[in-house]
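Naming follows writing order (A, B, C and D), and every chain is counted from residue 1.
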Amino acid sequence: MTDKAHTTRTGTSTTDSVRVRGHDMINDLVGRYSYTEMLYFLTCGSFPTPPQVRVLDACLVTLMEHGLTPSAVISRLMADSVPEEPQVAIAAGLLAIGSVYAGTTESCATLLQEIAEREAKGERDIHRTIARAYAAQRKPVPGFGHGTHKPDDPRTPRLFEIARDNGCHGAFVASLLALQVEVDQAFGRHLTINATGAIGALLLEIKVPVAAMRAFSVVSRAGGLVGHLLEEQSQHSARAIWAAAKRDIRYTEEP
Amino acid sequence: MTDKAHTTRTGTSTTDSVRVRGHDMINDLVGRYSYTEMLYFLTCGSFPTPPQVRVLDACLVTLMEHGLTPSAVISRLMADSVPEEPQVAIAAGLLAIGSVYAGTTESCATLLQEIAEREAKGERDIHRTIARAYAAQRKPVPGFGHGTHKPDDPRTPRLFEIARDNGCHGAFVASLLALQVEVDQAFGRHLTINATGAIGALLLEIKVPVAAMRAFSVVSRAGGLVGHLLEEQSQHSARAIWAAAKRDIRYTEEP
Amino acid sequence: MTDKAHTTRTGTSTTDSVRVRGHDMINDLVGRYSYTEMLYFLTCGSFPTPPQVRVLDACLVTLMEHGLTPSAVISRLMADSVPEEPQVAIAAGLLAIGSVYAGTTESCATLLQEIAEREAKGERDIHRTIARAYAAQRKPVPGFGHGTHKPDDPRTPRLFEIARDNGCHGAFVASLLALQVEVDQAFGRHLTINATGAIGALLLEIKVPVAAMRAFSVVSRAGGLVGHLLEEQSQHSARAIWAAAKRDIRYTEEP
Amino acid sequence: MTDKAHTTRTGTSTTDSVRVRGHDMINDLVGRYSYTEMLYFLTCGSFPTPPQVRVLDACLVTLMEHGLTPSAVISRLMADSVPEEPQVAIAAGLLAIGSVYAGTTESCATLLQEIAEREAKGERDIHRTIARAYAAQRKPVPGFGHGTHKPDDPRTPRLFEIARDNGCHGAFVASLLALQVEVDQAFGRHLTINATGAIGALLLEIKVPVAAMRAFSVVSRAGGLVGHLLEEQSQHSARAIWAAAKRDIRYTEEP
């Protein structure tokens, strides 16, 4: 193993200072940068421009709260079971930010990157080829379709509008919109670009690495779960959720 | 169970809208508020003033990154064990935000609230009474002392300065400073107000409920762990950490 | 830090052997001891007698399965959210084995130990004193009462019977039964000794340290959750649970 | 959604009984079956034969303890951070039982099943074909190789011996041994069948579904982590591990 494997650029603390990625944390970062700016800095290695901050904030705020999602239900049940440790309720809810409910951000971004690379090599009609391939295999296209928001996810046009207002409505957003046309055609019906798909495109526009995208969903939802946790302390919805589960999933001894 | 137990004010989604605490999420919140403002709103039920936002951002940024803390070490080990699921690495690190490494924020805030209540009832010399009680029992005073930052936690004066600059240097900060004098006296040596103690006072100043304080530490650290996760994907420090643990904790068959 | 802090007696592996607490794991333990015996050995440092094994197995089996408990509901929701990683579903369910749903095992055992110590010092009528103190403060007595099993937890007499059949019906079980009489008297109504209370007494009888009791509940439930996980893969109850939660916890904008 | 989606065969509790998969839990299962037998029953739907129990116990005991593995290190760090909640330390360690450190059990079993299916269709030289394909792609063969145990994992022959002694040394074990010969040939050097690979074959022999195999590793390790947790309460190795991590992963500001 080389020396390189034994170093970190992230941060360190000494008796009288905290260094973070080459900066004096206390004198240069605290009080000067917002949480959102620091999140970008710790992830991307540079500070975001004001338009990038606004786009990132819009993405983070969009995923913060969506009512009683599975992660919120899990957090509420956990808050009732382990009331002494709020971090357990939040962490448990965050474990559920997986491939099913948030992974499409990174899958959609990966698809858009692949399209860009193939375009750069001169390939043509890529959006059509891809849409038809998914349709032929009856596989869901990452970033398309939504269980609740039909026919259109209302968050998507708002996110594109914010991108446009901040000069971040570039090639990736355009590519996603081009894919939309071909997806509808190939599937023979309208499938909305969902919020996680739109966010995948926006995060690419502001140069967030794909490897950080699910983690950004986690950060966003962490903030949202605080609200559920606080409400649970006075409302105790967990017992009602549990009773509903027991009532609706009936025990049977039939094979 | 009353109807009250079966309601939530947090949020809901319908086919074409998302409502959050009485607001139209998409048209009124996304693009208008930052992540930090939304966190405050979801927790406190009202939007923060600009000075409150700056103080909250300073608190959140301060706890984001502190080098290889136990939570960062756990996240890195987990990222190596479950590389496919970044949310597992982050959530595992967040589980460690418990009484030992972050709980003093809420304990310190609780102590400051208790002091304020006893002062309101006309009791005198409360800071001295409390400091002496802890000293007599040789118990650590919540918000005082630090393993690395000696004699003084350099984050604390910076946090107080930001509070002052934003008009949030009120009775709780003053009370914590008064407690500092008595703690040094009672223990016969200087014990620094640590960053989590200072943050406890500042969050009280901006009217964050004590019940949300550990959750705010969790949110802060969630952002910081993203950086560790990204770095781990290229550096693989987990194997070095594991090797160090095996080397330093030797197996013995002696009783 | 002394050398002692840097050693472990638990286990180690070399190129050609695995040592566990002074034993050759491969040649002396694997194939010779059951999982239950090894659990006892790793926890208590000695191997259990056959009657102790039967009592421990009865305790572990009793807590394995109890239908759709909060931990089972959480595991099922998580299995639906992170289908690729079964360990996440099980671990998430286990996080819920806290003070509310399993902690009474250790609390009841702690209470029985306290009674034994006070008896050893010659104090009299301790059971009555304690029962009356809880009743006066209207606090639940650890190990008494149950939400579903009324008027009596049917698991308790079976556990005591197994203890008796195996010669493990000693002073702690007798003490718990004596407490039962006084609790009913002090509260003016019958409160059943619940299964976790009975298990607390039985584990004391077979010399399991109180510090291991919650962990034993975790191990027991880990086995039970495997069944839920397997069933969830074919039944997908998680979507029904989620739908029930959204239907029963209605969103309101009223204050 | 059909009615089928809203039922569970796993278990339920009523005021005076607990039913588990068609059985009276309290009168028919508790006190009659061991933890290992119940684990098999809850997973496979039938009770194991005595030889199957011995093989399953050997598999579970083998994975219980392997010294300071990443999951043990994580559990110890967590026990230090959240000392009040032992289930958090165990659950955190179990989250690490993923594709890297335990997943080869199921991958190896899947490979053995695939070989059996191709053999049933009359295909020949399958072991050679597969071994060469992995070698050509320089991919690790699931169930082969080990970082510590070289040249041979000492647990493997012992597991095969136990299978033989219990009449469970059938076609899957034979197939894995046949694969061993071809793997050594194709890679041009000896690669040991590791313990997780051997366990994959043994669990197939006793008819455990592949979908349950990682969960069985989780159950096994849950028991092992109890020992680490108990030791940590008196030894506090977590601080030494943390110090080692900070010492060995140096902070650098070089790019």
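Note that in this section contacts are C-beta pairs under 8 Å (C-beta built on N, C-alpha and C of every residue); 3 or more make two chains touch, one makes a residue touch a chain.
Remember, it's a predicted structure, so these values are computed and weren't measured experimentally.
Interface of subunit A with subunit D: the two copies contact each other largely through the same residue positions, with over half of all numbers used appearing on both sides. Farthest chain from subunit D, judged by C-alpha centroids: B.
Inter-chain spacing, taken between the CA centroids of subunit A and subunit D, is 32 Å. Centres computed as Cα averages put subunit C at a distance of 23 Å from subunit D. The residues of subunit C that reach two or more other chains are 6-12, 21, 67-68, 82, 84-85, 88, 91-92, 95-98, 237, 240, 248-249, 251, listed in rising order.
Taken together, the subunit C residues at the contact with subunit D in this complex read 1, 4-18, 20-21, 25-27, 29-31, 33-36, 38-39, 42-43, 53-54, 57-58, 60-62, 64-68, 72, 85-88, 90-92, 94-98, 102, 148-150, 152, 154-155, 158-159, 161-162, 165, 209, 211-212, 214-220, 222-231, 233, 235-237, 239-240.
Residues of subunit D that touch subunit A in their complex: 6-12, 19, 21-22, 82, 84-85, 88, 95, 248-254.
In the complex of the two chains, the subunit C residues touching subunit A come out as 67-68, 70-71, 73-74, 77-78, 80-85, 88, 91-92, 95-101, 237-238, 240-249, 251.
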